[in-house]
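In the part that follows, the structures are each spelled out as structure tokens.
Next come two complexes, and both contain chain A; in the first it sits with chain B, in the second with chain C.
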Partner chain A sequence: MRRPLALAAWLGLIAAAVLVPPLLGDYGVAVALSLAMWVALAESWIVLSGMTGYVSLGHAVFYGLGAYVGVLLWNTVPSGFAIIAAGIASGGFAVIIGYPALRVRGPYFVMLTFGVAELVKYVVIDLEAGLGVFSRLILGGPSVIVLYYVMLCLAAAATAITFLVGRSRFGYALRAIRENEAAAETIGIAVGRFKLAAFALSAVIPGMVGAVAVARSTYFEPLSAFDPVVSFTMVTMAVIGGSDDLRGPLLGAAFLVGLSELLWANAPQIYMIILGVLLAIFVLFAPEGIAGRLFVPARRAVS
Partner chain B sequence: MTLLAVQALSKFFGGLQALKDISFAARAGEILGIMGANGAGKTTLFSLIAGHERPSRGAIRFEGRRIDGMRPDRICRAGIVRTFQIVRPFSAMSVLDNVRTAALFGRRQERSHARATAQAREILAELGLADRAEDAAATLTLSAQKRLEIARALATAPKLILLDEVMAGLTATEINEFLAAIRRIKERRDLTILVVEHVMQALMQLSDRVVVLHHGELIAEGTPKAVAEDERVIAAYLGQPT
Partner chain C sequence: MQILLSGQLLFAALVTGAVYVLVAFGLNLVYGTLRLLNVAHGEIVMVGAYTSFWLFTLAHISPLISLFAAIALAAALGAAIYLGLVRRLFASPRLLQRLEANSLLLFFAFSIVLQNVAALLFQPTPRAYQYLDRVIQLGNASVTENRLVILIVAVVLCIAIILFLRLHIYGLAIKALIQHREAASVVGIDVEKVQLLSFCLGFGLAALAGSLLSMTEQISPFMGFPYTIAAFVVVILGGLGNLVGGMVASLLLGVIETYGVAFTSSSLRSVLIYGIFILVLMIRPQGLLGSRMIVR
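Showing the complex of A and B:
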């Protein structure tokens, strides 16, 4: 069996990630932090969109809400609480909007999630303007290295959640919903409840990531916290990597973070163009993603 | 003993009345055939019993309990499962995973993966799909996909199974195999079956009793032989002289 080998690869990856700060210095930590952030976001997105086929193009709203809650609480409560509160707020918000939103499928769900994210962005902008605040600062936050380790934990947690969900009874229900929702209902799956649970679960870690990211950038400004590019990037990473495999977002995130480091340094003006072209190429020629191409046959959960 | 009782059931789609005041009962352990031409209301009746549609009037009782208007997953947990006329496999999933998923949910809501897998494998063997267990459902032939549809339904451990035209589009040989398979399945379980079938001969052979629907109305009920000789049925099928 390949099990021990796979386990060794995962352990090696974790060890390498832990050793980044002492070995690679400031620049290495900055890139690794961004990588860990995107892994956490894209892995979370998979739980909903990869498994159920309900493609969310509005996951930036959970990241943004987490950042907002984080910045509001950061200086008043211990930072661990701020991060957890951000996760709870995003998960709770997902339950509230998921209840009506998950009644529609396909392109309607895509548009609805995108619309909700934009709506929340402008509500927060108006709220902040009404309060007379144009950006909020975090002073004396934790060091970048501490934030990196926190983000690494979130990335590991998101990957573990995707792994566990994929092999569980819950994961079977989600895949059945993706394949044929009416048939899933017919065989006794409470589809509404499972979709809502997947939506909430996929929102919690992005909320926590938002709170850590805002501490890293040291300021909160709604236009960048709720930037739809965050949503687009999550989708692009998952699609490029392969969206029904927990290794997919990992590979997609590594690929895109690496690419963006190269391009921002050398050709920042064409970064978004290359991202778009890549997404089109993968959707057309390799819909199963890097993971699907690399690890054939893509084995599903075995028990 | 009455397992399923359909009482004065009506269904309107806008101005169109698909079912008019239908009443009949299925006894525990029988195979009840539902006959009728296209548009007679057979599939609508199944959709109402399985919870995919809400009745406009009337009641459906299962084991004495009202189930009309309940969600399909709750009806499945009560012990009723339907198959679809146009098969709806979980295409990208393996044949085994299709059936295993049904075993994990269904009436039992099985928590143990090992037990669900064992049940699924047993049912696949019963329907001659064991050697295709690891293949994606999409790669099966139509006949095999229809068997998968039944396998998945059986994995929910139903008390009542609604078979919607499972033999449509099959060859004569395949139909004979299907009839044998359905009888075998029933012998091994405590199962009641409602069958909608266009293949008349198959329906007559299989059913203990038959109800006949015509333009949404129930026009006859009885043994296959009695129904085949019923004047209203003959008129409905051969057309009435005008």
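Showing the complex of A and C:
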């Protein structure tokens, strides 16, 4: 009974998303685009941090790298290639950095991810300054509506990946690592390889999202592309929504995108303060997130 | 080459190191006694810096006096955080299960809130004021008085802290807690009280460092994180709860940073700090003390 209902809900959601441009006009598309972007980012974050418990506070690095690769390639190769290249670059970077980084546990890993993101940010800033470039522009990029559909595909792909990983042996292995890494290793899970795969998987989509986002904003500037606020927003969305539930990031993203539409333009600091307070409240009082609060009691009532 | 060998750089390295000693010892205290990493530590430095900045700008109170206000403010903040948030983490078994991730998110949220409250109240633009900025000759180095003051205060404080930990009953209790939590409570140490104390003390030291460096550095609502990173490097290199190790590591970091920037360019400062941080973490994931550091 529940399965077809859930399926219908997902299909309805996709249909509604596809119909945004003809029905809601320019502002609607702009908001939907940013919603799709955050869903894609937060769902990707979950593959690593929700499932393995290795909390990344530096996912902005993948988004920023994707944006950088995207802006470098955008005018030289077909845009599809630029987006794919951005995904590959971010995934590749995740493999390189993840190999040593994932040996580090707990708070050390969290700090390390933040540190790596900041390091890459400053390296790119120095690199661009060394090259004498202060911001790069994309001229004649695709229209906002095209970009919206691309971003929607990325959001759908990220959600599908999280869904499939969550159901697979791979996903169960990741959760086993979260609950007790030593025990997981004892029962034969290739802990190192699985963590690395989850890390890379959670980096590819943010890279592609970065490339699309840079085409949307039409310019690249390292300070905003690698802004720690991007990482922070991803984490907050996932935690508020519920970080081990497919629907969590969706709810968290919808909630925070709405909040940011209200506040970001006029009162960015108040928006950030609310974000921080919400994160603290959810960590302390509802670690299962909105999704956990909303759906678990209903599920019990059905069965 | 001439400038690299002069006392000028050495003095600059010493001052940087002295500030790191104070910041890092605060972090070390909180991490050592609670095993929680306070990623909002640098924001407390920022709070201290703003306290001195405003008291100087509005009331012409010397930072050497307002540093006591900064310490008191930060200690009160520490007590509020400990009693309001941290104790809740320990109280709920469900939260305790994933204590590290939860506490980090909590402290991270706290740092975001502090940064943005400061940005809202004081504007995000960097500020500075001038105090004791006369240049005096010290050997072959010319130094400003305020830097000399920072160095002197840091040295006096280090001696005071060492004496406190060696001689005072609460100092001994803090050391006991750092060495072994369970054993400490078995021998009758009031763990709650000592944790609260080290929280306040750690916050107070961070604010003191901020208050001192507001004399020489530009301050802004977002100045804090590099200090958290620097403190973290020092704690790992020097060893948990090891003040002497921390002092050596602080001076080392000060020297590396100062000379590194002098050899290359000041735009590479952040790259250098984060680079050292990442290298230290990757090469010695559990710190120089080995696995003991991450055992709860």
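As a working rule, the second predicted complex is superposed on the first by the 290 of 303 C-alpha atoms of A that agree within 3 Å, B and C clash if a C-alpha of one lies under 4 Å from a C-alpha of the other, contacts with A are read in each partner's own complex, and residues count from 1 in each chain.
Note that in this section a contact is a pair of C-beta atoms (placed from the backbone, for glycine too) under 8 Å apart; a residue touches a chain by one contact, two chains touch by 3 or more.
Just so it is clear, the model here is predicted, and its values are computed rather than measured.
Asks: When the two structures are overlaid on chain A, which partner does A:A173 contact: first (chain B), second (chain C), both, or neither?
Replies: First partner only.
Asks: Who wins on chain A residues touched, chain B or chain C?
Replies: After superposing on chain A, more of chain A is contacted by C.
Asks: I'd like to know which partner A:I187 touches here: chain B for first, chain C for second, both or neither.
Replies: first
Asks: If we count contacts the way the header does, which residues on chain B are in touch with chain A in the complex?
Replies: Residues of chain B touching chain A: 50, 52, 71-74, 76-77, 81-82, 84, 88-94, 97, 100-102, 104-107, 109, 111, 113-114, 117, 152-153, 155-156.
Asks: In the complex, go through chain C and note every residue touching chain A.
Replies: 36-37, 39, 85, 88-89, 94-95, 98, 100-106, 108-113, 115-117, 119-120, 225, 229, 232, 267-268, 270-271, 274-275, 277-278, 281-282, 285, 294
Asks: Taking the complex as given, what residues does chain A use to touch chain C?
Replies: Within the complex, chain A contacts chain C at residues 53, 55, 57, 100-101, 103-108, 110-112, 114-116, 118-119, 122-123, 125-126, 129, 232, 235, 239, 269-270, 272-273, 275-277, 279-280, 283-284, 287.
Asks: Give the list of chain A residues in touch with chain B in this complex.
Replies: Listed in rising order, the residues are 169, 172-173, 175-176, 179-180, 182-191, 300, 303.
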